[in-house]
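Two complexes are shown next, each including chain A; its partner changes from chain B in the first to chain C in the second.
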Partner chain A sequence: MDIKITEELNNTLKDNGFKTEEIKELIANAESSGQKLKAREGDISIAKGGSDNLTVYAVYSPSELLDVYAHKMNILGLTGGELNEIDYDDASEWACAKCGEIALERNVDMTYMGVTRPGPGLVCPKCNEFYVSDGVARTLKTAEAILEEKRA
Partner chain B sequence: MPAKDYAPIDENWLENAGSLWTTPWVDKPSERVIVDPIILSHAASLFRKNAGYFYQNPDEAIRMVCHACELYDVTPVGHYLYADYWGQDYGAEIKIQTNSPPGITKRPIKTAEDVDNFEVLDSDELAKGPTLTTHYKALDTCKEEFPNMFAPITQLGGTMEVATNWAAIEDVFMWMITEPEVVDKLCQKAGDHMVSACKATAERYGANVMITGSVIASGDLMDTEQIKRFSFQPVSRAVRKVLNAGAGPGIYYHLCGNHTDDFQMWKNAPMSPFTIVQIGYDGQNIFPTSKLVEHFGDRCTCFGTVDTKLVDRGTPAQVYEQAKEQVIAGKDSPRGFILGTACECPTNAPPVNVHALVKAAKDHGKYEKF
Partner chain C sequence: MEQIGTVRSLCPQCLAKIEGVKYVEDGKVYIMKNCADHGNFINLVSEDVNHYLQMEECFDVDRAKARSPLTETQRGCPFDCGLCPSHKQDTCLAVVEVTDRCNMKCTYCFANSSMDESLDPDMDTIRLMFETVKKCQNEPTCIQISGGEPTIRNDLPEIIRMGKEIGINHIELNTNGIRIASDQNYFDRIAAAGVDAIYLGFDGVSDDVYMQRTGRKMLDVKTEVINRCEKAGIGVVLVPLVAKGYNLHEVGSIIDFAAKRVPAVRGVHFQPVFHSGRSPSDMKDKVTILELLQEIEKQTNRQLKVSNFTPALMPHAHCGATCLTLIDNGGYLPLTNVSLGAVKSASDVASKTKKSIMGRWKGLEKDSNSGSSCGDLLIKSSCCEKPLSSLTVKGSCCEKPLIDILPKNSGSGKDKSGGWADFIEMSKNNYLTISTMAFQDAWSYEQDRVENCCIHVVTRDGRFIPFCNYNMTDCNGNSLYRNAT
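After this line comes the complex of A and B, so read on.
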């Protein structure tokens, strides 16, 4: 898969410490395994990868890398432990590419610097895979900065 | 009273209070439970001013609140807000009252057709509007004069609270029975407005703490299905949109009034790593902290409450006893605990009652485990 990266995005990646090769590898892994989110409308995907310390997401179309974001908080699982029925429409704009299920917007437990709290995740109810949106990653960045300051 | 006329805030107190305030959020050890009696115009009474003066002078209001926090040894956060936010931005008229918070006298939505034609403002328009201009004057004063007591709070209320600031409560309740789809539309617009307001604060200060929840939508006025349809669902949608827009991370679910029959649904409300849940009453009684911790303690920070009627009209001994019971039940809640009042500290509450609340936390809220 030959992904185009604009100069502007390439500069942003460099500024934020992301390596182009690693992002391309992350996308290649998602494409080969099918483990990614796919927009329910349009041809956009989200791949994820990384380690316990950093989860990285790449948003891309078949031809172009659109965005890369990350969070340090490590997702442990669903808040409350189970996927219970809830009283509002939790269907997201994304579906799991592997099983086709609509990803649900649910609270997931996240841990960082010894503190575990809930956060808004995108959950594949069948594969039990967890993702976060780019906007939530921005929110988590603020939360991480507070934890780093207060837990230091 | 200008800033120069206040005594300086004791830096040692502020450092210690900041440490107590940190514990419920980041599990950092501290000496005891922090207390937040939600001081607003009560601070004015300590300076021989009234609620009208407080709300007409947001910069002074913040100074009075910050100094009241030091006086009582409570959460070091400068608050300024009132319930009837967001009407003026859309053409409502507001009346400043001497002994209570400002109240809306004329609302912009009169008919069901008005709901269809009602257009929600975007974040730029709201930032320039009367509500946030005043609100930000208070927050800017706090940031400048009391930087360690600053929090970028946005007072939203829930969708029913915003809706009834736009349309008369009797009209909204009548539509709930005769034309519920009109209230759906209204609450959806209220939710969109909440997102715009949070974005405005996040754009100005780099982060946002939203106060939302369900006040009018409580068991005393609405049944559980109505609360679900017109409050829980649109509020949850709005909070999720706010978080997806990067306009968090703070969420304060203020469930004022009686929530016996609907509190369980709020367990699944969208949460961030900095989420508090506060529930006022269980029927006619104060919501037991033991029950709050049982249902929310493994999810988020719990805010245990003491009856505001007791703080207003009870004796210090009564306040102390109820606070003692609540703090003992809540202090070891797994994801943090704050002791406070069921709603805003009444303007003319006897200061000895607020002191009794804090004393109970000092006497019975110590963290032996640390």
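After this line comes the complex of A and C, so read on.
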């Protein structure tokens, strides 16, 4: 899969310390394993990868890389521990590419530097995989920075 | 008994320099020292050697020396203060005493203040003291106006204004609050002169406590000071002296009281009793840092734990401990934890402490766009916690990077409160610094600690003397420096 990266996005990647090769590898892994979210309408995917200390997400179409973001927080699991009944429609516009289940919008517990709080995640109920949107990731980044600064 | 170190100390009887050892017995840390003329002295330092050593491990600061020493090293520490060239640490807070007089007669008082006639320094002398700070302290300059009770002076607003004109960056006022609570016009003039923070003596949340130390009810006075400061946008730090048999049982209530008044109240700074100056003579009232932290843990129902207190922002690992906590719907969400290890930072202890004094303890920035660091990068409200699905990630939108596409409406009703967006919102102003500083007396004195001290009293002849040395008295009340300068 040959993915195009615009110069603008490439600069953003560099500014944020992402390596193009790593992003390409992350996408290649998602494509071969099938572990990714796929838009229920359209041709956009979200792949995730990274290490224990950093979760990286790539948003892409078959031809182009659209966005890359990350969070340092560690997702512990569903808030409340299990998939409880809820009184709203939690179906997202994404589906798990591996099992085909519709990903649910559910709160997940995220922890960083000793502080744990819930935040909205995209959850595959079957594979028990958790994803975070770019907007949430930006909120998390700010929270991470606050925790890092306040400790010093 | 296991020896874990040696100490250079003083004899509590004659203030002669003597040597001693630091040792562990039954898990507790003690200092034992011997004076050839006056015998052995033993002082409890910590109830738990593990905690004691953990604080050392967690303590890691770069140091910056004062810009220029003002005295020579001749007899050695603590006899050459001014500062002398062997002092290892620049000033983070310069204490300027503008009077010896006081309108209270507390049973405890390291300053040994009284209503006795004494000569207050005149404006020229105070100017010299301010200018000395400006000349010797690295930028930014922080001053605490102290005494005696500074508000006894009618010209205090002019003193503060003069400090600001000289270019002192931060001026806080140490006060018992009586005059501020009763004289609005006087307070308005202090506020207009540019005072940055009020350092308010606050020993408890019940009048029983105040009756013991001061012989009068004071809680209404303290509350009124906070009310007035809140209106004026001036931050308040509550400063309890802590002693056993006095107010140790109220430390949790004091923190709870402070939490309810955040952000008007920026911090609580506990000062365990030390036996310099005037104090009841027996030593049974002493409280170690660990003992205080354990009480805080117990009295806050373990919301704030001993492990949330780190030696950050202190001149020395054993001078105190600090916890920064968010106030979360009446509960606490501590941000600091000793298990996270040493704080790595390029900045030295004085500048870090100054940042703390100026930033965390100052009033709220009137202009919300200036001031508070990363809290400002905020994504407005909680809209960004909306799940990706509400972003239209289809067709044409993808010409733009996804990051530009934000939902217009915030809060789908699905966002639960208590999430990370709330955390950020809360971080902007709803935090409280809880700290303790263990001042040294002739019994607990360790030269290593005082050589690294960053809180310095400015004398009328323009010298700097580390706080604990300045206030040091022998067991008969004779001063090393205070009355001699």
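Methods note: the second predicted complex is superposed on the first by the 150 of 152 C-alpha atoms of A that agree within 3 Å, B and C clash if a C-alpha of one lies under 4 Å from a C-alpha of the other, contacts with A are read in each partner's own complex, and residues count from 1 in each chain.
Keep this in mind: contacts are C-beta pairs under 8 Å (C-beta built on N, C-alpha and C of every residue); 3 or more make two chains touch, one makes a residue touch a chain.
Computed from a predicted structure; not experimentally measured.
After superposition on chain A, the partners chain B and chain C collide with one another.
Within the superposed three-chain model, A:Thr139 lies in touch with chain B and with chain C [touch as defined at top]. Partner contacting the larger number of chain A residues, of chain B and chain C: C.
In the superposition on chain A, contact is made by A:Trp94 with chain C only, not with chain B. In the superposition on chain A, A:Leu66 makes contact with chain C only, while chain B stays out of contact range. In the superposed model, A:Met110 makes contact with both chain B and chain C. When both complexes are overlaid on chain A, the residue A:Asn84 reaches chain B alone and has no touch with chain C.
Once the complexes are superposed on chain A, the part of chain C occupying the same space as chain B corresponds, among 241-249, 331-339, 439-447 or 475-483, to 331-339.
In the superposition on chain A, the residues of chain A contacted by chain B and by chain C overlap at 79, 88, 105, 107, 110, 113-115, 117-120, 133-136, 138-140, 142-143, 146-147, 150-151. Within the complex formed with chain B, the residues of chain A that make contact are 73, 79-80, 84, 86-89, 105, 107, 110, 112-120, 133-140, 142-143, 146-147, 150-151.
Of all residues in chain B, only 22, 25-28, 206-207, 228, 232-233, 236-237, 240, 243-249, 265, 267-268, 270-275, 298-300, 335 touch chain A in the complex they form. Note for the complex: chain A touches chain C at residues 8-9, 12, 39, 41-42, 44, 46, 59, 61, 64, 66-67, 69, 79, 88, 90, 92-94, 105, 107, 110, 113-115, 117-120, 122, 133-136, 138-140, 142-143, 145-147, 149-152. Against chain A, in their complex, chain C makes its touches with residues 312, 324, 333-337, 339-340, 343, 345, 352, 373-375, 377-379, 382-389, 391, 393-395, 398, 401-403, 406-407, 413-416, 418-424, 427, 431.
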